[in-house]
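In what comes next, chain A is part of two complexes: it sits with chain B in the first one and with chain C in the second one.
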Partner chain A sequence: MQFEIIERGQYTVIQVNEARFDAKLAPSFREELENIKGNIRDHLVLDLSEVRFMDSSGLGAIMGAYKMLRNSKISIVNPQKPIVDLLKLTRMDKLILSHPTIEAALAATA
Partner chain B sequence: MSKQILLVEDNKVMQLLMTNKLSSRGYNVITALNGLEALAQLEKYPSIQLVLSDWMMPELNGIELCFHLKSPDYGRYIFFVLLSGRDDDDSIVEGINAGADDFVAKETNINELDARLTAGFRTLELHNQLVAKNIELDRAYATIHQDLDSANALIQRMLPSQTSFPGIELHYTHVPSAQIGGDMLGCMQLDEEHIAVYLFDVAGHGVASALMSFAIQQSISANSGTHSNVKRKKDTDPFYMLRDPSEVLSRLNQSYLSQDNNLYFTMVYAVLNIRNGTLTYASAGHPPMIWLQNRNQTAQFIQQDSFVAGMFDFASYKTEQVQLNHGDRLFLYSDGITEAESATKQQYSESALKQLVEDLAHQPANKQTEAIVNTVKAWCGIEQFDDDISLLAFEWKGN
Partner chain C sequence: MNTRTFHKQYISNLDASRHAAEDIVPFWQLLALDEAIISQMELCLVEVVNNVFEHAYGNHVGSSFGIRTYLNSKQQLIIEISDYGVAMPRHILEHLPSTAFVEPVEDDPSTWLQSSRGLKIVQQLTDKLEYTSKNNCNTFRMLKETT
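== the complex of A and B ==
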């Protein structure tokens, strides 16, 4: 499974189970998001623990999620160093906050 | 499709009998007396695709003929029906092994024979449609390939041809990926004192990225008048002002805001004052520039965290400035080079590129970009990069 989706009413978690979030993965991420966007209520949590590399297409998919879900909160969980660097370079770290765990991301909502 | 059949039968009476039966059902029957004759007839009638052949014949028997016609070297798809009095299991196995498609006993009545032949023609029809589709696909693929090649050639022509200006010398290496991509770079003299240098990378590959890259290049380089993306009108002499790098990026960001989230670009736009060596620049989510200082031959990053362009209407950019010294070099590049991968899936990385710039600092400026790209290529152990590679270096010669 490329993605695991956990829907818990108020929040939805998408766990990306691939080491590379790149041009190959980005289209299915968009598709997945398109399928579940109607169910996303307050908070979308992207668990990127497994991702070791993200290219411009992966970044594009995350920026796309941000634009699509203007009215929901988005958080990233456990990004690895290369992803942290990329989010910082493109200032996406200012739009989507990162947290070490899903619990921390949810606690930050309250 | 005409219902053409090659009937191969050594018994002339039987041949005549079957020809009459088949003709009465509308088949166009061509005949041969043995396998060798059959081959000659097939050569003479290139449209025949169904062969109805006796088993036992002199010269070349039915099995041998079948084997020959079904070999991959035979350039025509043939539906082969073996005709025989023998319908014991061993013979059938032998026939199947030779590639026969169907078996009909000689005494079979014309209704069944007709039905079997009709089935054979159905198979042929399907096969022929598939072949035609494949030819169509091959043609379409060749056309796309040709179009991409032409587009690539056009993109190459958008690259700067003038690379030497007073006080500054510029070098670049631009290698498009096999698929067309969205990297582009350029330089232009804004006025007697200022040279603009820039590099951008439209995300993704393919025609959409390339077209956007083409359009952006036009938006920047169309600066003939006093009003453009890089200059602004003024009421007093000299009647124009250079736009700040951040303003240039803001304008491009607004022009290329896309609804389609796939298309955005990262960019560095820098303006060098060739009199005093001041470099003002702004970045839109682009990897850091590398500044190689002549004085101590060390390199450092010039990084600016900023939003990518063409994505967010609220994005704003920031102009910053560094003071160059004589002989300092600046390197602009796209992530194609830093994300290039070795056989073991390691990425080259920005820090390795910075180190390489230092290591190759002794090289003359005109050799350095190519040497860098060749070194990275050798490190990857590949002939062609997966992504666009673009690397631009310029050296301030001083006044």
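== the complex of A and C ==
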């Protein structure tokens, strides 16, 4: 399964179970998000633990989520170094914060 | 001096950048390149291959493009991606160095861009870019210092 959705009341976790978040995966991510957007409450947590590689299409898909869920908080959890570097390079780290764990992401917005 | 060269033809499609990366990253590892450089150049390779599919071939599946990569005598990593599609307008590369990433700002939706970052990423992570169009063949050449 490419994505696992975990509903936890006020927050929703999308766990991306793919090594590559790229132009191939981005359309599926957008589709998944479209399917569950009505159920997302205050906070969407993107668990990127398994993602080893991300390109500009992956970034675009995450920005699409931000745009779609304007009234919800979005956080990234446990990104690997190439992902952290890419978020920093493109300055997306200023808008969508990364955290080591889901608990840390939730605590940051509590 | 390492004189090996990787050269292969690919077919344009949404999987092409994955196939190219699967082939070329192990080749770069055989050249004993630094893992951080490999990681950056994998991203550049993917961005340019996706641009070939999306822009040179207008998302057409089944067109041909080639990739050549090697270390030159100055230990610079060279990556050349050649297609036979629509050439990229010259001004795009010329303007890249003088533009910056648009920093997304919470209260300004005009900064929430979902595209247009690929070539800027490539320009930031490489040391030199060249683009030539000759005899219906467009070649995007990237150079990266490895020492």
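Couple of notes before you dig in:
The rule is simple: the second predicted complex is superposed on the first by the 110 of 110 C-alpha atoms of A that agree within 3 Å, B and C clash if a C-alpha of one lies under 4 Å from a C-alpha of the other, contacts with A are read in each partner's own complex, and residues count from 1 in each chain.
Everything that follows uses one rule, which is that contacts are C-beta pairs under 8 Å (C-beta built on N, C-alpha and C of every residue); 3 or more make two chains touch, one makes a residue touch a chain.
The model shown is predicted, which means the values in this text are computed figures rather than measured ones.
With the C-alpha superposition on chain A as described, chain C and chain B clash in the combined arrangement. Once the two complexes are overlaid on the shared chain, A:Phe53 sits against chain B and chain C alike. By the document's definition of touching, of the two partners only chain B reaches A:Lys88; chain C does not.
Once chain A of one complex is fitted onto chain A of the other, the partner contacts of A:Leu97 are absent, as it touches neither chain B nor chain C. Of the two partners chain B and chain C, it is C that touches the larger number of chain A residues. Touch criterion met: A:Lys24 reaches chain C, while chain B stays clear of it. By the document's definition of touching, neither partner reaches A:Ala108: not chain B, not chain C. In the superposition on chain A, no contact is made by A:Ile6 with either chain B or chain C. Residue overlap on chain A between the chain B contacts of one complex and the chain C contacts of the other covers 23, 53, 55-57, 59-61, 63-64, 67, 89-92. Only residues 14-15, 17-18, 21, 39, 42-43, 46-47, 50, 54, 101-106, 109, 112-115, 117-118, 120-121, 124-125 of chain C touch chain A when the two sit together in their complex.
Chain A contributes residues 23, 30, 53, 55-57, 59-61, 63-64, 67-68, 88-92 to its touches with chain B in the complex. The part of chain A that touches chain C in the complex is made up of residues 20, 22-24, 53, 55-57, 59-61, 63-64, 66-67, 82, 85-86, 89-92, 94-95. Against chain A, in their complex, chain B makes its touches with residues 201, 203-205, 261-262, 264, 266, 285, 287-288, 303, 305-308, 311-312, 335, 339, 347.
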